[in-house]
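To keep things simple, chains are lettered A, B, C and D as they appear, and every chain counts its residues starting from 1.
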Amino acid sequence: MTLSTKLMIYGQAVDSRLLIGSALYPSPEIMKQAILASGAKVVTLSLKRQNPAQQSGAKIWQYIQDLVKETQGFLLPNTAGCKTAKEAVTLAKMSREIFQTDWIKLEVIGDDYNLQPDPIELLKASEQLLNEGFKVLPYCTDDLVVCQRLYDLGCQVIMPWASPIGTGKGLMNPYNLATIRSRLPDVTLILDAGIGKPSDACLAMEMGYDAVLLNSAIALADNPMLMAKAFAQAIVAGEQGYMAGVMQQRQTAHPSTPTLETPFWHQ
Amino acid sequence: MTLSTKLMIYGQAVDSRLLIGSALYPSPEIMKQAILASGAKVVTLSLKRQNPAQQSGAKIWQYIQDLVKETQGFLLPNTAGCKTAKEAVTLAKMSREIFQTDWIKLEVIGDDYNLQPDPIELLKASEQLLNEGFKVLPYCTDDLVVCQRLYDLGCQVIMPWASPIGTGKGLMNPYNLATIRSRLPDVTLILDAGIGKPSDACLAMEMGYDAVLLNSAIALADNPMLMAKAFAQAIVAGEQGYMAGVMQQRQTAHPSTPTLETPFWHQ
Amino acid sequence: MTLSTKLMIYGQAVDSRLLIGSALYPSPEIMKQAILASGAKVVTLSLKRQNPAQQSGAKIWQYIQDLVKETQGFLLPNTAGCKTAKEAVTLAKMSREIFQTDWIKLEVIGDDYNLQPDPIELLKASEQLLNEGFKVLPYCTDDLVVCQRLYDLGCQVIMPWASPIGTGKGLMNPYNLATIRSRLPDVTLILDAGIGKPSDACLAMEMGYDAVLLNSAIALADNPMLMAKAFAQAIVAGEQGYMAGVMQQRQTAHPSTPTLETPFWHQ
Amino acid sequence: MTLSTKLMIYGQAVDSRLLIGSALYPSPEIMKQAILASGAKVVTLSLKRQNPAQQSGAKIWQYIQDLVKETQGFLLPNTAGCKTAKEAVTLAKMSREIFQTDWIKLEVIGDDYNLQPDPIELLKASEQLLNEGFKVLPYCTDDLVVCQRLYDLGCQVIMPWASPIGTGKGLMNPYNLATIRSRLPDVTLILDAGIGKPSDACLAMEMGYDAVLLNSAIALADNPMLMAKAFAQAIVAGEQGYMAGVMQQRQTAHPSTPTLETPFWHQ
């Protein structure tokens, strides 16, 4: 995380370090209120939601687009549900045309059960889309070498998972996530998928991640609006915690109250 | 945590769920700025800091008292460093006289290395002090039975540890801490000691704790003022997260983007 | 753990570091086979199992006693279910008379739900029973100060929990358990309650614990006899691991295959 | 893990579920004694250890080969240190010629610091070597999709990491490792790299892994021979634990001693 600047997505400064999804809410109105409450400026959505022949999704797309316009934010189409590079590339192109943006959250799923990214197809699709001028935000696992290769291809943003989509398990492998951060200091790292609680998001930011993308944790909360606020604050707290420099853990106790006669300011 | 109310300490509503210590800061001025930035309304301090014969601590006490007055907050004297009930009771009485408050953070240390509370002496001292009209805030480990006994004695506030003082290890035993919360729904629970990062504080609040007390994590940060703000926000985030209802963890992935043709609002 | 010697219980050398319970098995015959397979030399049992008026437990007691005799082992009566020192002392005395042993596994439960020990009543009962010549093996939580006090009273064996009885959660708080080991090097430490898997028992032994006591993990396995063997070997493995000196963890990778030209024996 | 059979490596039954490395020991003699004590039947070694021009490694290779013959075991050459598929394939072919075996532990490192496998190059090299008749044992991370692809290529053995080589951190991501086991029930899964303690190996086996490969944890122990025995037993314990059926964890305590009057065998 570059301390002094805003979240940067391919050169575009973004005013919030929380990116939010637009699915699974109890109603469109609740989605809208939750997104507004979150302060998020980037909203993901999926073309797959609709059968193009029937245009059944058009109404909700318009709703989301209006909402994003209202926030002066950015639409981030995704390729959720795609299983091959080819499929993802096709969907990305349709999304660019329909949503008028070259940003694409690239998902290429390699497993039907844990919905994890397929690193091979992901790299393939990333390369093609970058070559065609897309600004690719790839969703990947916490594999350093895959992240490095995405970076080498030209991805300026990389989005490793915390845990499988929708599980709310939080950061399964903090060691891997910290390694990616330290080895790729210049890339914008957005933790994506598996976040369940505001403290998970806070922890990611304390580790130096640039932002957090989530959906279920807000959409499935009892009170999505309030949870959206909670995440917004947890992310700011984590960012400030990172910038303020977290204390070192100690193995043994250390009194916070000085012993008698110890000069006060030099305990 | 009672959702709709403020933090209650023996009937006194308090405007912040962060309680803060006054030791270990680089300078008095930094301490002051950090405490102000934290928004904390309760500041702990220790009579032990001074040799009464020399009155060397008087100046800093006055400084802290003025600061607390400025915040319209509350002084919370502690008995840090005491090893027996007798010693702690004596110090509590001195503190009441000097600081003009019947609030006492009761610490009776049973081990020199991990500075953990001695449950036996703690119960003894709590009983005596409650009988003498003190409002006792006992610092204890995460032992449910000891907490239950403190509650039975009349403690309206109980402060289990997260981990040993000054270690920054965070919540060592979330299972125990969650058990205490669920079994003692009516007591004000303040997580005390061992908190290292804003996400630790956030997590405690998500578990339904009423407040968090800390010192080292702010005082030893590279930038105590900024870290104070980070904790303040993390605590609000955790409180809101608790109130908003955290989603259930799932064992397997669940798509946040619906499959084609699934009616949008009923995925 | 004293490396060169056998498990010592109040001066009595014991040939196995696994202590086993006698409840919850599918049948007496399976219990017998499991205990024999475990190689355990100490078997716990409870007088509470029976209504003395009806002598309904006598048959099973005799069965267990015969079994223990067959293994040239030791009976360890427990005070499971007692909630006060008085109750536990009374039951201990009855047990001594009936089972003809001054060994007593002292349980004084302070909470009906997590069945955790009540430290206050436990200390009280321990003191009384030690004074009356019992060899007390107290079941306690992982509270260092309570363990220290039990030791100061004269307990030569102390049995902290891993997690609540019957949960199979394993070692909830390794930090506390390691602290107890390092601060009480001379006491025989037996990890008791909450062990679920052979690897849990192995880990306890690697930390320098002297032995492990369990029941549910064997009795509730699909195949108790095989699980008994598994635990027996896991405990020996952990003991040997402790004695052999576990390698230090490293934060970064280190090749186990040397680079070209590095002298082989000094990589 | 197929319960009733031995470890199978491409149709070859192997008498031990511990595979061992031949580097980092204090001396050749200690290596020999440790390997014999471990009961391992598969010993890894690296051609890279030597500068072919100087033949400096020939002596130690002969030593290891004699040792493996003595145990009636198998040599498993590895491609440690290779960074590209091409390099690994070349080294694998040299190894096949020199060591007279078509088994190859395939390592293609993608990062100099955490020495983690490069999934892309690994897949490429696996395909080539399988096509040339090798029996490939690929070392990979805990990425399900990469494992699935290795399996689809024809790998009958797959070796995910526990954590980076030589760190001794144990199983960093049990969720991923368990997912791989459940989704690839027919492949021989050998946990490789990062194991530090016998309990780590025991845990892997309890999860249904077929075997464990390690080096540092034995070679760097204070007493490698004793540690080798410890691991051998821990692995058998874990295997038996898996076969015996580990009890389910419970969230709340459950008495192992029945209440009064409860019929004994139906508590």
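The working rule: contacts are C-beta pairs under 8 Å (C-beta built on N, C-alpha and C of every residue); 3 or more make two chains touch, one makes a residue touch a chain.
The structure displayed is predicted, hence computed values, not measured ones.
Out of curiosity, which chains are bumping into both subunit C and subunit D?
The common neighbours do not exist; no chain touches both.
If we define chain centres by averaging CA atoms, which chain lands farthest from subunit B? Would you check?
Using the mean of the C-alpha atoms as each chain's centre, the farthest one from subunit B is D.
What is the distance in Å between the mean C-alpha positions of subunit A and subunit D?
The answer is 35 Å.
So, what's the distance in Å between the C-alpha centres of subunit B and subunit A?
32
Measure off the straight-line distance from the CA centroid of subunit A to the CA centroid of subunit C, and report it in whole Å.
Roughly 47 Å separates the two chain centres.
Would you pick out the residues of subunit C that each touch at least 2 other chains?
113-114, 116, 169
How would one label the connectivity among the chains shown: line, ring, star, complete, or other?
Graph shape, chains as nodes and touching pairs as edges: a ring.
Determine which chains touch and list them pairwise.
Contact pairs between chains: A-B, A-D, B-C, C-D.
What residues on subunit C touch subunit D, complex-wise?
Subunit C reaches subunit D through residues 21, 23-28, 46, 48-51, 56-57, 60, 78, 80-81, 113-116, 164-169, 196-200, 202-203, 206, 215-217, 219-227, 229-234, 236-241, 243-261, 264-265, 267.
Of all residues in subunit C, which touch subunit B in the complex?
Going by the criterion above, the answer is residues 110-111, 113-114, 116-120, 123, 141, 143-146, 148-149, 163, 169, 172-173, 175-176, 179, 183.
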